[in-house]
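I've put the structures underneath this note.
Shared chain: chain A. Partners: chain B in the first complex, chain C in the second.
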Partner chain A sequence: MHAPASAIAGEEVTISTNGSGKATFYLLGPGVSRKSDVSLGSEVQLKAQDLQNAGEYFAFLCSDTCRSSSFYVTAAKPASLTFLVHPSRVPVGQGDAVSGVALPFDQFRNLVLTPETVNFHLLEGTASVFSRSSQTRDGIAWFRTASQKSAGTLQVDASLGDLSARRAVQQVASDPCNLRIKGERTKAGILVQTEPVRDCAGNPVPDGTIVSFTATDGNGRSTVDAPIKQGVARAQLEAPGATVISVASGVAMGNELRIGAQP
Partner chain B sequence: MSRMATIFALLLASSLSSYGADSPVRVQLDSTKAIPRSVESLTEQVILRDYRFAWTSIAQALEFNTLDPLEGAFTGESKQALSQSVTSQQRTGLSQRYVDQNHKVQAVFYAPEGDVIELHDTAEYQLQILDSGKLIHEEHVVVHYIVLMTPAADRWMVRHLQAVPQF
Partner chain C sequence: MKFTLPIILVAVTAGLMTLALFGAGHSSGTVGIAAGSAVFSTKASTPEQGLNNLLADVQRRNWDRAYSALSTTSAGDRQSFIQDWTGSDGSLRSFSSLEGFQARPLHATNDDAQMRVRLHWTTPVGPIEDVRDFHLIREGGTWKVAWPKMQISSVPAQIIPVTYLRWDLVSGSGSDEWGSKNVDAPHVRIISMNAVDSAEGAVVMGEVVNEDTIPAFVNVNAALVDGAGKAIDDESSFDKIDHVLLPKQVTPYRIDFPNINLKNVKNVRMDVKATLVPASADPVIGVMNQKVVSDVQGKSILQGDLMNESGQTVNIPHVIASFYDNNGKVIWVSDGYVNRALLPQSGQPFAVEIPKSLAGKVQSFHVVVNQYSLVRS
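What follows is the complex of A and B.
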């Protein structure tokens, strides 16, 4: 029996046999098990559908005794690109924060192990912000890069020949920076509010981010947490005496505000 | 009657235990060369446990031609290919035994976000091929596998298992 040393997934293979008389032919491989009667000296045709999965195949020819042969089926040409990108949301200006892994597969979902060049391309709007060609190694190409300075959608593309895959990463403002507050005494107490809250790159910090206002007067300290709404955070503090108000959000501290006692 | 059934079950279990599916699966995992992310110790232990379990499951599924062992350890392409192997063997009456499995596994790629790991497994085992329970072929084989594993809720699953001539 003579089998080829290797074959391509999804292509027919012919195995030649020697001798005369009847025998049983067996084929065992990933996803396939075949048994048939054959005449020795004839050729055994393996159909394309029997050889769709890449891997090692064993062929046996049994009459009085069994003879064996094995061969490998390798992946066909790339037909799809699996592209994993992380994270889906990322603060701006973070080093090595965005990464992508691309894996080419053939039409039968075999991992293509021959080196292939994958082009990674990152766009902010129409502006290209990152581009790299990377060769697959053992079926994998990858990249890692920093998030950009501006909040918004980062388009992440991977392409291999005619194949392409696109993902999106939402870049959001980082931690608040330079918190500024202003306040005034009202009948109900002290109304205090921030200026529009932005990160150090000037991106508006998302609504819902918590800002903590702390009032210190002769009676002690009290803290009110307020979410940012439409870019600013507001709080009503009850403090009839002279009061010092401070503000913080995450690790960022803001200015202090001194309000005189209620007249 | 139920006593007879119990005795039969014990006898069956005893006879099955002498076959390849009950043969020990030895796995050594070296993750020191994985890039770009290093594999944490706890992750390494879990991958080792789950990869060994996967091969125990393959041995059971292909020896007894049952799909049940494939639940839990496999997903994606590997589960599909192994399921096809089992159903195909059910039709032909063939089965395979993987005896004395020894896997030397090296982690070569661990994704930056830890969502996929690629392993190179040099597996050695005694492969027995049976036709309707009759041994027709036996040989000691060394097979190189490229393996992709991905994390699930509480385990790592084999997503891709592809034999190659060499790494």
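What follows is the complex of A and C.
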């Protein structure tokens, strides 16, 4: 029995036999087992659907005694590209914060282990910010890069021949920087609000981020956790006496405001 | 002869009913204390009986008799009297029932008396105890409660502009390809943890922060492990946490392990789970005039006023407070539900208790307000 040393997934294979008389043929492979009666001296045709899974196959031919042969089925040409990008959200200006892994698969979902060239391309809006060609090694190509300086959506593309996959990474502002507040007395108390809240690179901190205002006067302490809306956070505090107001968001502290007692 | 057994059964049943009606209220009484019961005396010849009559009618929701039996010096109308007991605006009180009470005289003369009552309420969030003082006056030989005028929040008609914030999750369209629908869970972190023994058992507490830019639904779990590495018990923070955290928001958490002593615990395994949820940035609730004081019973409490700065009614406000020692370590977490609804642009007082043994160590505190609104749910 003579089997080819290797074959391609989804393609027919012919195994030749010697001798005469009847025999039983067995095929064992990844997810496949088959038994058939054959005539020795003729060829055994292995159909394409029997060889869809990449891996090592064993052929056995038994008459008086059994003979065996093995061959390896490799993946066919790439038919799809799986692309994993991490993370889906990342603060701006972080080194080696964005990574992507591309894995080419053939039409039968076998990982293509032969080296292929994958092109990675990162776009901010329409501006290209990163481009790299990388050869797959053991079926995997990857990249790692820093997040950009400005907040917004980072489009990440991977392509291999005419195959492509696209992912999006949301680049978000870092912690607030130079948090500043101003306030004034109103009929209802003290209306205090931040200046537009930005990170150290000047990106607006996302709306919804909590800013904590604390007012301390002779009556005790008053606090309001207010979300940033349209770039600023504001709160109404009750403090009739001379009051010190402080502000914080996450790890960032802001300025202190001293407001005199209600006249 | 065939009628003997039914007659005996009827007689015994009637006897038991009579005994239950007239005997139960007095069985557990203590000298000077009127214990919780729903027994009505036709004539209240003592302050205890006068108060008992009122509370019995309140328990039975017999509002006509309860209101008509109030002292003529009472202030407030019938509607506000009923509303004070039954709640309104979907508040916690409107889902509660008066289960029992214990009254203790504070002072008494021939014509007036002051009584302090512990009211035991059953509520959807568990039993709640309320302490209230009542003033009673003797009118024509009958003791009656002088009902004070209640401050009921009312909100004038107005328009409050609100900038709505919301977060939408786009889960990706097209193929179900691997990696095409990945959105990271929110990043949350336990920033402090402390385990202590309390009278009821072991308590694990601390604080959690949402470090992400999206809202998170957070739950903290803890498992107590003994010296052999075997789990003794595991519990979650349940309602002693603000589950929905906006970006950069910090919440206290407390996990109770009833009847477990820390001396048997070698290790505590903490686990915080966060999932991405739709959330709203409103309503904003301010916590005003926070102060640690002693209440009328001599207990240390943190009290203050909640102020609803939004245009949406908060039906059931829930206050969670963390207390720190002089090293900034969380030494206790207390919580409490507010009985009254928080109407737009109005306030409600709150108080949470600090254990006596820790009151002297408290240097600072942080209060967050969890809220349940019927409109949203």
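FYI, the second predicted complex is superposed on the first by the 258 of 263 C-alpha atoms of A that agree within 3 Å, B and C clash if a C-alpha of one lies under 4 Å from a C-alpha of the other, contacts with A are read in each partner's own complex, and residues count from 1 in each chain.
Note that in this section contacts are C-beta pairs under 8 Å (C-beta built on N, C-alpha and C of every residue); 3 or more make two chains touch, one makes a residue touch a chain.
Owing to the predicted nature of the structure, the values given are computational and were not obtained by experimental measurement.
**Q** Which holds for A:238: it touches chain B only (first), chain C only (second), both, or neither?
**A** second
**Q** Would you sort A:34 into first (chain B), second (chain C), both or neither based on which partner it touches?
**A** Only chain B; A:34 stays clear of chain C.
**Q** Kindly classify A:229 by the partners it touches after superposition: chain B alone (first), chain C alone (second), both, or neither?
**A** A:229: touches chain C, not chain B.
**Q** Per the contact definition in the header, classify A:164: touching chain B only (first), chain C only (second), both, or neither.
**A** A:164 sits against neither chain B nor chain C.
**Q** One more residue to check, A:220. First (chain B), second (chain C), both or neither?
**A** In the superposed model, A:220 contacts chain C only, not chain B.
**Q** Of the partners chain B and chain C, which touch A:87 in the superposed model: first, second, both, neither?
**A** A:87 sits against chain B and chain C alike.
**Q** Kindly classify A:72 by the partners it touches after superposition: chain B alone (first), chain C alone (second), both, or neither?
**A** In the superposed model, A:72 contacts chain B only, not chain C.
**Q** Taking the superposition as given, does A:140 touch the first partner, chain B, the second, chain C, both, or neither?
**A** first
**Q** Does the superposition put A:255 against chain B (first), chain C (second), both, or neither?
**A** neither
**Q** From the superposed pair, tell me which chain A residues show up as contacts to chain B and also as contacts to chain C.
**A** Residues 84, 86-87, which sit in both footprints.
**Q** Would you tell me which residues of chain A are touching chain B in their complex?
**A** That would be residues 6, 24, 26, 28, 30-35, 53-56, 58, 60, 62, 66, 68, 72, 74-75, 84, 86-87, 96, 99, 101, 103, 109-111, 113, 137-140, 142, 144 of chain A.
**Q** Going by the contact rule set out above, which residues of chain B touch chain A in the complex?
**A** Listed in rising order, the residues are 36, 77, 80-82, 84-85, 88-89, 91-94, 96, 108-109, 111-113, 115-116, 118, 120, 127, 129, 131, 136-137, 139, 143, 146, 148, 160-165, 167.
**Q** Quick check on the complex: what are the chain A residues that touch chain C?
**A** For chain A paired with chain C, touching residues are 80, 82-89, 165, 167, 172-173, 206-211, 219-227, 229-230, 235-238, 249-250.
**Q** Could you please specify the touching residues of chain C with respect to chain A in the complex?
**A** 163, 165, 167, 177-180, 182-184, 209, 211-215, 246-249, 281, 284-291, 304-305, 307, 309, 366-368
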